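Note that subunit A is present in both complexes that follow, paired respectively with subunit B and with subunit C.
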Partner chain A sequence: MATDTDVLVVGGGSTGCGIARDLAMRGLEVTLVERGNLTDGTTGRMHGLLHSGGRYAVSDRASATECIEENEILREIAGHCVELTGGLFVQRPEDSDAYFEEKLEGCRACDIPARVLSGREAREVEPYLATDVKRAIEVPDGAVDPFRLCVANAIDARAHGARIETHAEVIDLLREGDDVYGVEVRHDSGPGTRVHRTPGSTEEITAEYVVNATGAWAGRIGAMADLDVEVRPSKGVMTIMNVRQVDTVINRCRPKGDADIIVPHETTAILGTTDEEVSDPDDYPEEEWEVDAMIDTLSELVPILTEARTIRSFWGVRPLYEPPERDTRDPTDITRDFFLLDHAERDGVAGITSIVGGKFTTYRAMAEEISDHVCEKLGVNASCATATEPLPGSENLEILEEGMDDFGLRSPIARRSKQRLGSRSREVLETDEANPVICACEGVTRAEVRDAVSQSGSDLNAVRIRTRASMGNCQGGFCCGPMANELHPKYDEPTARAALDELIQERWKGQRHALWGEQLSQAMLNYALFATTMNRDEDPADAAEPLEYAAFDHGGR
Partner chain B sequence: MSDAERSIDDAPDGSTDEFEPIQVFPEAEEMDLRPGADNCYKCSTCDTNCPVAAVDDEFPGPKFQGPEQWRLKRQDDRDVDESVMKCSNCMRCDSACPSSVPLSQMHNTARGEYVDERMSKRSREYLRNRMLANYRRLAPLASTFPRTANAVMGLSITRWIGEKLLGVTSEREFPEFATETFREWWETRGGNAASKKRAREARAKRGGDADDAEKRIAYFHGCYANYNTPEVAKALVRVYEHFGYEVLVPDQRCSGTPMFANGMLDDARRAAETNVAELAAAIEDGADVVASCSSCSMSIRQEYPELFDFADTETVAETTWDAVEYLRVHEDLEAELAGTSVDDEFDSFAYHAPCHSRNQGLNGQTIEVMSAIDGVDVHDVGDSCSGISGTYGWKAENYETSMKIGEEMFEHMADADAEAGLTECPTCSMQMEHGTGYEITHTLEVLEAALVETGTDE
Partner chain C sequence: MAIEDDVLVVGGGLAGATAALAAKDADPDARVRLVTYKQSTLRHASGLIDVLGYGPDGDGPLVDPFDALVNLPESHPYRRVGVDAVREALSFFDGVAGDAYAGNHTDRNALVPTAGGTVKPTARYPAATAAGLASDERDALFVGFETLPAFDAPRSASHLEAAGVPFSTRGETVSFPGIDRDDAKLVRYAHLLDEDERVRTSGRRMGARTALATAVDARLGEESRIGFPAVLGDERPAEVRSYLADALGVDVFEVPTGPPSLAGMRLEDVLFDALSDDGVRVTAGVPVIDYELVAGGASESDGDRIDHVVVDRHGSEIPHRADQYVLATGGLVGKGVKSDRDGVFEPIFDCHVPQADDRYDWFVDDVFGEQPYARFGLEPDRDLRPLDPNGEPEFSNLRAAGAVLGGYDFAAEKSGAGVSIATGYVAGTRAAEEVSR
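So, the complex of A and B:
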């Protein structure tokens, strides 16, 4: 029986997109389905650390070694998603000397370049560090934009013939006897790029092989074919500061603990995190103490955080897994290694493999290993090229840096735009039309927004993750409307309005956890703006009864 | 021994607890002001109050120059946008902001960084700006031969060369240099000793304690009152002595205002260091500092503490006053003026409050003080900016913008029932005169005419 596709990948996070790209480059026919936008699960809810491996150098040297290897590869193939910030493991006076030594030895043993800085030298690198920090180990940590990286993988997979379906939720695994032969999905708005208000549909997609790359949701997908996948989702909070208090990744140099990392991420700094097991990855409490702990604990390293502005907080769920024979209580002790569960070997059900565990930095290596496995299963003889082929946007970056072209933009806007677009800058930013700034907080121009719209239909959250528009300090207060405006005339007014509603909701969601001080004032201003300029408080157009205009006078005296 | 064992922070004698603070922000242009962006809600009130943005569509406005540009910056970025040079440094955005964003501090440091990193030190623009910012360096030469200098500066050929060679607009007439500077007059008059005596006499005459040594001020005259309008400086001295104050005139350099506005922060730092040291010494001697120029007082009170951290910077900032403000607070100025009158030459004025007075919260005081004098009719010409903003309107490329900004003020001056102008800022006064042809007077000169008997001090 001919199938719709060779391989069906479930999950549009870093793992799924990485596998789709890898297999498509090897010449296989690939379809990827994702229930929301790309990165909507765990990938888009991480702190954006590109590990040097330093964090694992004491507890898990195998992971540490793998991290530094992949870190070096990503700098090459994904230069436009990565910022080489460097990182510090900072020791406070009360932190153990023995652990500091262990950390340093671990880094050396794993070939992670590491250098010890005095407290004074560390403060010269990062002036806002506490004045009493004792010393620090400098390592090649970096910052990575998970959205751009994931999207670039998907774009390249598509360029190699893959079909990428977002807003396509798997509602059933197709199983006959001991064989899984595909999935049934529900398209939110018909197949293809999402357009609001288009009627939904369901579709059966048959495949030679199914890869369950849904991370924390892997148990739920497995259950659809009566397969047990003992994933243990664990939540963690990330709190976003309005500006970068630091330009280097700051880690606390002590054994595991909550609130021990600050990652400079684009224009912001992200504080992380907590580690608490939850039963349902879609429904768990987002608690105030978690946010408070981030600020209180991390201000021991960077005191200015106590008075700094928080713009939002978000939670992610780690897809932790441990083989049934182990019995680890504390989720922080569960390995960050990944597991490939071949259900044929494990459960006697052919045609499907689940991937659980793992971490973002090593997504490519995981994808390579899984793709090797799939090829072996399908009897395909093809080798992996993802370690050397640059992602779209990262080809010939050195040429871009030499080119001084600012595309008529003011310098900081040109700089940030070129950093986001990499080698696609000219293609996107060179235009004969006027190119005003749409999102002033992040320096995103109309050309970049339009490019994103061309990739993702009427979905403004998809535009947001591609461009960072609406991710700055006003959290969309000033740019949500202008972004929706760019959907027109390709999409009609009701479609643009539905997309706008969805974006405003999404922006509000994270701000609920930052409503004090400056961000509270910002939310009040945003409310007033939305209400007075777009009737977002109560729109007469949405009323059941048409407005009685005759009830008003004509405004004269 | 591994790096980890190396005791880097330990002093040779083993005392490790003592923390020695390090100078993490040694230079103003290296300051990290990103946290200042936390206060910004993007409300754009600053943009709607910016006089440059109102007339120049190309200028992105203070919100971009300040919090947006700073927030987009990384520690190592060295590419401040060139539009920061179009900011006139009127600082109206500071008072417009409802949320205390340190806008002018952000603009000043960004401009300093732009000039340091991106402006060629051999460009005509740099040389011209450096010259304008350091007008004080040329002034002593001109005032040595004031008549020759005035004649040469007044020649149309000089102005033509100024524009072609340096980009200084030929539309404006250079201010005249006085034949005797204020400081020359002060020395001839007997300096501090003479002032001490006069103040003592005045105190006795006023029925106060002749030995009250508390009444002592240090006068920051700035450059313009010294070289160009010594009559303003003399008026200050006489008015203060009338109230029984002993006047000190410490050594001083430019306040720094034109240097901030041109991104010449090194020059500004050098000047500020001298001023802070000299003024701090005067304060130590029991004096309060007063200034007759609204930009000089603004600079010492706000910009010094925002940009520099020499010893005593804060003390000097807290002890510095506008000359009229000081009298209103420490004396009953209005009661003193009640029943006084002035000659016909001062009977009616169109008054413009300089932006830098406005920023100090002083925009209403002149009208109130003047109304206490019989026969003086003062009309406030509104809250617009005069448009010249120091050296800004002198640059050929800004001349038109400067005049467009000034238009509202010119119109209001023409509409007011007055044939003369009144203000406290030297360059506003140049602009007022340039736009209307009116004679412009400083408030202290009117106070002198009302309070001080003529012929007592020549």
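So, the complex of A and C:
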């Protein structure tokens, strides 16, 4: 029987997208299915640290070494997704000297460039560091945009012939005897890009091989074919500040602990995190103490954080994996390494492998190893090219920087668009039409929004993750409406309206955790803009009963 | 020594301006001063004067807002001042606004098309918006500009059709003559029309008004009215509108847009012109930061008495003394109500703000659900004096008006400007009456 595709990848996070690109570049036919938007899982809800490996230099040197290797590769192949911020491991007077020395030694043993700075030197680098900071180790940590990187992998996979289906949830694994031969998916709005209000459908997709890359959800997929995958999802909070209090990644130099890292990210700084096991990766408490802990503990390193404005908080769940023979109590003790579970070997069920654990930073290496494994299973002899082939947007970055004009836009906006789009800038931004700014906080123009719409259909959250529109200080108060306008007339008015309502609700979700001070004022302003100015909450077009216009003032006519 | 006045109003938004004008109206001899810090919410607001669009259970849109006032809870600011005072205040506003506003020929609400394509119930609307009402059955053409992404005329038009308006609508997008930068400021559009600047279109030079009329004429069908985003002039909006109407042979109106909102700024101009005409002294750009009680004065039965407030004038602290004070510093948006992780407070006088202890009880999960935070503000007595936690006036000579008051959700009810006008009017009038007594 001919199958629909060679390899079916379940999960559109960094792992799944990385595998899809790798296999497609090796010439295999790949289909990737993701139940929401790309990055809707943990990948879109992480800290954005491009590890230098420094964090693992004491506890796990193998991971540390892998991090620095991949860190260097990503700087090359994904320059437009990475910011080379550098990082500091900061020691306070009460933090142990012995641990500091161990950290330094670990970095050197793993070939992580590391340099010791005095307290004064550290404050020269980061003026807002507390005055009693004793010293710091400087390492090549960076910031990475997981949305852009994941989407770039997907675009390139598609360019190599892959089929990428978002809003396509796997609802069953097709299994006959001891063989998994495909999946059944439910398309939220039919196959292809998502368009609101299009009726859903189901589809069976058969494949030579299935890769379960659903991270924290891997146990659920496994269960569909009666396979046990012991993922232990562990949640962590991240709190976003409205400005970059620091331009360098700030780590606390002490053994594991909550609230020990600040990552500068675009216009913001993100505080993190916590580590608590949860039973359901889709439904877990998002708690006030977690947000408070971020601000209170990290202000020991950067005191102005107590005064600063936070714009929202979000949570992610780590796909931690615990091999059956171990019995680790504390989730922070579970290894951050990844595991490839070949179910043929493990459970006697052929045709499927699950991937669990790992880190975003090492997604490419993980994908390479898994792709090698899949090729071996399928008897394909092809080698991996992802370590050297730049991702779309990252080709010829230097030439781009030198030779590009500003597309008629004021330069800070043009600069930011170029940073986001990388070498795709010319293709996207060069337009004869008017190109006004749609999102002023993040400097996103119409051309960028339309480019994202052409990739992702009527889903404005998908546009958001591609462009950063609505992710700045105002959290969409000013730009949600204009973003929805860009859907029209490509999509009809009711579709644009449904997409707008969905975006407004999504933006509210994270702001709830930052509702005090400036951001509470912003929330009230946004509410007034939506409800008072636009009457979005009482739209007669959404009402059950028609409105009796004749009863109202008609201006004396 | 302090600067002396009879009535001192803190805050220069709609509520504060109304209070100062009402105080002067109640007693033309009173020395009235208004001290205000930053731009008010009128810069953001649509310029519409909502009184009440939806009832306490979200019923509506209400045809007659005045009928429905008595159904509001006792604690609502409208019930505090009483229905008659709301009517009186509104006609006071009509007198101040003059020709700039319409809608006072009826008690009924008007339904005004919004930029997003819904309609909103409101009691008074700028003259510029009058020809756009949704209950007017004439067909309408909406015209947007390709460089102003907040108003998409074709989408608004089809949304209005979905909302069931009793006329046909169509939307067209044109480029605005004379705008050659994609990121030109909104006032630039208005000034081109105000000044009728010479612009170049399709190789010819002509006035901006003519150029706009020409561009739109080419798209006009059988419609007898045309709606634009609110950019038709800043200084001379009536002149710009009537020029376009004559040139196109149809009525011309504006759809409220913003922020920034030119309609709101025009209202601000009307109010501040009236303040200066009536002899109210305005001190702008400086905040009130503190107050002192009357020294040694035993606490009065109806609360302590404020002796003076302290104004921060660029670093020096200047005392301002008055007999009566009106607090009109706005709500969360105007910063008359502030908060931190531990609680919500009123920053100048530390008046009591009712609130849940846990900040996770300040909101509900549905963005348009019944949001407790939207009701944050002071709780006043019937004389609009803010009450302490025991229900006693905080101060004997302080009244509060506008969004600094709590207990109502102006965004859900559509009552923002109405509450500011009603409470500003009552607070200003009572303050002046108490001085003359």
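By definition in this document, the second predicted complex is superposed on the first by the 552 of 557 C-alpha atoms of A that agree within 3 Å, B and C clash if a C-alpha of one lies under 4 Å from a C-alpha of the other, contacts with A are read in each partner's own complex, and residues count from 1 in each chain.
Simple rule for what comes next: a residue touches a chain if its C-beta (ideal position, glycine included) is under 8 Å from a C-beta of that chain, and two chains touch if they have at least 3 such contacts.
Worth saying up front: this structure is predicted, and the values here are computed from it rather than measured.
Student: Is A:Asp537 touching the first partner subunit B, the second partner subunit C, both, or neither of them?
Tutor: second
Student: Once chain A of both complexes is superposed, is A:Ser52 in touch with subunit B (first), subunit C (second), both, or neither?
Tutor: So A:Ser52 meets neither subunit B nor subunit C here.
Student: Does the superposition put A:Leu525 against subunit B (first), subunit C (second), both, or neither?
Tutor: both
Student: If we overlay the two complexes on their shared chain A, which of subunit B and subunit C does A:Asn242 touch? Say first, second, both or neither.
Tutor: After superposing on A, A:Asn242 lies in contact with subunit B but is clear of subunit C.
Student: Which chain, subunit B or subunit C, is in touch with more residues of subunit A?
Tutor: C
Student: Looking at the overlay, does A:Pro127 come into contact with subunit B only (first), subunit C only (second), both, or neither?
Tutor: Once the two structures are laid over each other on A, A:Pro127 reaches subunit B alone.
Student: Does the superposition put A:Asn71 against subunit B (first), subunit C (second), both, or neither?
Tutor: After superposition on chain A, A:Asn71 lies in contact with neither partner.
Student: Applying the touch criterion given at the start, work out whether A:Phe478 contacts subunit B, subunit C, both or neither, answering first, second, both or neither.
Tutor: both
Student: With the touch criterion stated at the top, can you tell me which subunit A residues are shared between the subunit B interface and the subunit C interface?
Tutor: Dual-contact residues (subunit A): 410, 413, 478, 521, 525.
Student: In their shared complex, at which residues does subunit C touch subunit A?
Tutor: Spelled out, the residues of subunit C in touch with subunit A are 41, 44-46, 50, 53-54, 58, 60-61, 63, 102-103, 105-106, 108-111, 114-121, 130-131, 133-138, 146-152, 154-155, 158-159, 162-166, 175, 181-183, 256, 258-259, 331-333, 335, 338-341, 358-360, 362-363, 365-368, 371, 373-374, 410-412, 414, 416.
Student: Show me the residue ranges of subunit A that touch subunit C in the complex, using the header's touch definition.
Tutor: Spelled out, the residues of subunit A in touch with subunit C are 288, 292, 295, 408-410, 413, 433-438, 445-446, 478, 481-482, 484-486, 488-489, 492-494, 496-497, 504-505, 508-509, 512, 515-517, 520-521, 523-525, 527-541, 546-547, 549-557.
Student: Going by the contact rule at the top, pick out the subunit B residues touching subunit A in the complex.
Tutor: Where subunit B meets subunit A, its residues are 2-6, 8-9, 19-22, 24-25, 32, 34-35, 37-43, 60, 63-64, 68-77, 79-83, 99.
Student: In their complex, what parts of subunit A are in touch with subunit B?
Tutor: Going through subunit A, the ones touching subunit B are 100-101, 104-105, 115-121, 123-124, 127-128, 131-132, 134-135, 242-245, 247, 267, 304, 308-309, 410-413, 415-416, 440-443, 472-474, 477-478, 518, 521-522, 525.
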